[in-house]
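As written, the chain order gives the labels A, B, C and D, with residue 1 at the start of each chain.
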């Protein structure tokens, strides 16, 4: 395994586990059979791939792109790798860094069948589950964005409901207990509901600015597919408003807090 | 037990279980220690209570009002019973008729402590769980409306996401499997998600017109409490649009189907 | 002319113009050929009419109801007067008190043809224009509410545009000049636009709480007619939010000010 | 004057007025003192400018960019021309082609003072009015997008109001007369209101797909400036829905027609 990180000292600890550290993306991939990328955003992925890595990758190698990126960039990467005789699998993940550390990620993959099979052992080694959603790589990116949208909608829903509860003399925690027992029975509602009820938005599990980025990518995907999404439109404004009120570095569930 | 139903033949089968059948609400409650009402809407509850039942109830008796009604009517009932020296507990339920038949309801109650204790044995006999949310009866009605709002928001969220999935070449069922495994792990998402994915909106588990009624009551409660609820506003329009398209008698999850 | 005001000293100055002052609504209308009411809201109108005035009015007399009220109350008044052999015209107005003083109101009337003709001389004496929109009185109330909705939408639109202009380094006044010259050429845009650009929300020309009341009545009318109105739903939340931020007594255009 | 059009035969008629016809954008600008572009969208403008025209323009020449484009592209053009020692003025217009033919455009310009002065005689020759909104070129593009937003909001507002009017038994034309006389007194309300009332959406004055494009650019500008715009979010969904219903080639006011 050859590792590369823009900030070299972040990669160094991997030496202890037997990894080599590359000085550039191109160096990292020159002899690779497979490239796994997990980066912050479209810009970072484009910089690495179009800035040398795609060119340096051997023909036939497979790129498993695990970042949460736009469907447009995913389409662009698919073309680029195709043009160079390389394989490409979009394989975004559900789960935070600590979930990754304990092999608890859920991975959604899409790409040509051969490419997916090529990447499968790597993906299975990284996650607790893998769903393959088709042969069009960008579909996996759309699933990731739509999945985050369902979380963001849940957060906004709980925020609105809690505000009504407080205005009605009911503790959010009590309401949460009711809908947990009577309806959802879901750990995600319990966890996020607890954070919102207690307003424990720091430290951020997932930063609000990243949530805004994902809503933006979702709306771009919806626009491209000609799909109206009224809840997503509301979320966009709520995230923008929250950022304007200085909550960009709080957990994205801080969008549920009244201004 | 003395039973009354506006349509007498609906009450008759209860004779076999030992119930007496009353000819009017007033007759039913004249010697009652406790009155339990479970009716369709505000109008039906007001007709029964202000149309004779409250006047006929003995002083000291308790009324457990289990219908989904407005917070305003609940406040009016509280006053009426207080004026007459009677007790009042708002005790709306989560769960459909078949859940009631198998004692699977979750009951949310609110009212003066003595009134709740008075009604408790009855409520516990009817449900699998009971949450008491305070001494102000209308608070329980607000909890019920906010709970239904969380369901309606989930339905709309899944509808928007599924539409994007279809536009991205992904089967809604696949998406549902991903968010079920990776995120929510909730039977409610699985059940409603399945209905929406398969567009099996008939027969209705809960009619769309009733869903619209509840959104209306929710917005009235929010208005009274001075709480903006943008998602609820979107839901109102979606339900109105669905009714305008002839889906009033379908399951309320039909609101998620594109027009 | 016999005048009545709940606060008697508000009516007293009218003596100088030759009016008599009545001690109660019933006294004011007992021998009247026509009753003109212009009151704050549904409650005030219902109190006066159902609290004695309708009962005291002679058969055949006409009631011109000029307040901004709900379509439901307007329907209730129509029934009540019909039952008593009286005539009823809904005749709400566009224009503020100072417009009324200078006979500058625009009046929208609806009612049975005979009733409208009966009231016409009075209405024409009060306004600069009169539009009759049908024989169903509540239609005139719907027109008034929809008219106020177009104003509220314009206010919100300008608020959003101005905010983007400020974020783009353009003075709202400059933007207003452009759209005034290039597009709308409307005194209403110029006036409200100027108030919003300069944030001169006090003294209120029309209080924000009254604006919220009208949005509420509009949404009730839309609900009754089965009409989705997404902009109206947004306005509802904006007004609620503005009231929550203490702007209830400012001009309703303060809804355009960022929080 | 040297003219260029991607479709040469569109340019040919200009010969009669004394223009030369260039075979490429680069040929058209090689010796020009000023370049005026008025093109369909970002793509067309980028193709022309980055595809040869910017490179071919002399140092010191001024580019007056009159298309409705994104603020991002406008910023990119500003940089490009600056880098090449050229001048750049963003000068989008209000008014359709027939308005242009009769010198009835209203032009909004922004750019360095010297550049604006350089372009002023050209701009004044083309329009009936010119507003200069600052030295940052992209500001003029933001004004254009926000101006179109005020029109789109008016269209949606009238659509919602008309729908309520129909549901209340009032002819949209009557309602339009009332708000025209009593409130707006604006030719734009009269014109668009008439089109919407009569549902005369063909032939399109401005195509619905172009309206969607502009809402998209507006939301991108708002996002870049961190400004929530709830009405714009609603408009986005309404335009997407209208396109999905096959109205993309109708006039953009067809967005007001119920689905």
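Definition applied: a contact is a pair of C-beta atoms (placed from the backbone, for glycine too) under 8 Å apart; a residue touches a chain by one contact, two chains touch by 3 or more.
Keep in mind the model is a prediction, meaning the values are calculated, not measured.
A.B. asks: Farthest from subunit A in C-alpha centre terms, which chain would that be?
C.D. replies: C
A.B. asks: Of the pairs B-C and A-B, which shows more C-beta pairs in contact?
C.D. replies: Answer to which pair has more contacts is A-B.
A.B. asks: On a C-alpha centroid basis, what's the spacing between subunit A and subunit C, in Å?
C.D. replies: Once rounded, the distance between the two centres reads 51 Å.
A.B. asks: Taking each chain's centre as the mean of its CA atoms, how far is subunit A from subunit B in angstrom?
C.D. replies: 37
A.B. asks: Residues touching two or more other chains, restricted to subunit D: which are they?
C.D. replies: 222, 226-227, 229-230, 234, 238, 241
A.B. asks: Which stretch or stretches of subunit C touch subunit D in the complex?
C.D. replies: Residues of subunit C touching subunit D: 71, 94-95, 106, 108, 129, 131, 133-134, 136, 138-139, 142-143, 146-147, 149-151, 153-154, 156-158, 160-161, 163-165, 167-171, 174-175, 177-179, 181-189, 218, 221-222, 225-227, 229-232, 234, 237-238.
A.B. asks: Quick one: in the complex, what on subunit B touches subunit C?
C.D. replies: So the residues of subunit B in touch with subunit C come to 216, 219, 222-223, 226-230, 233-234, 236-238, 240-241, 243-244.
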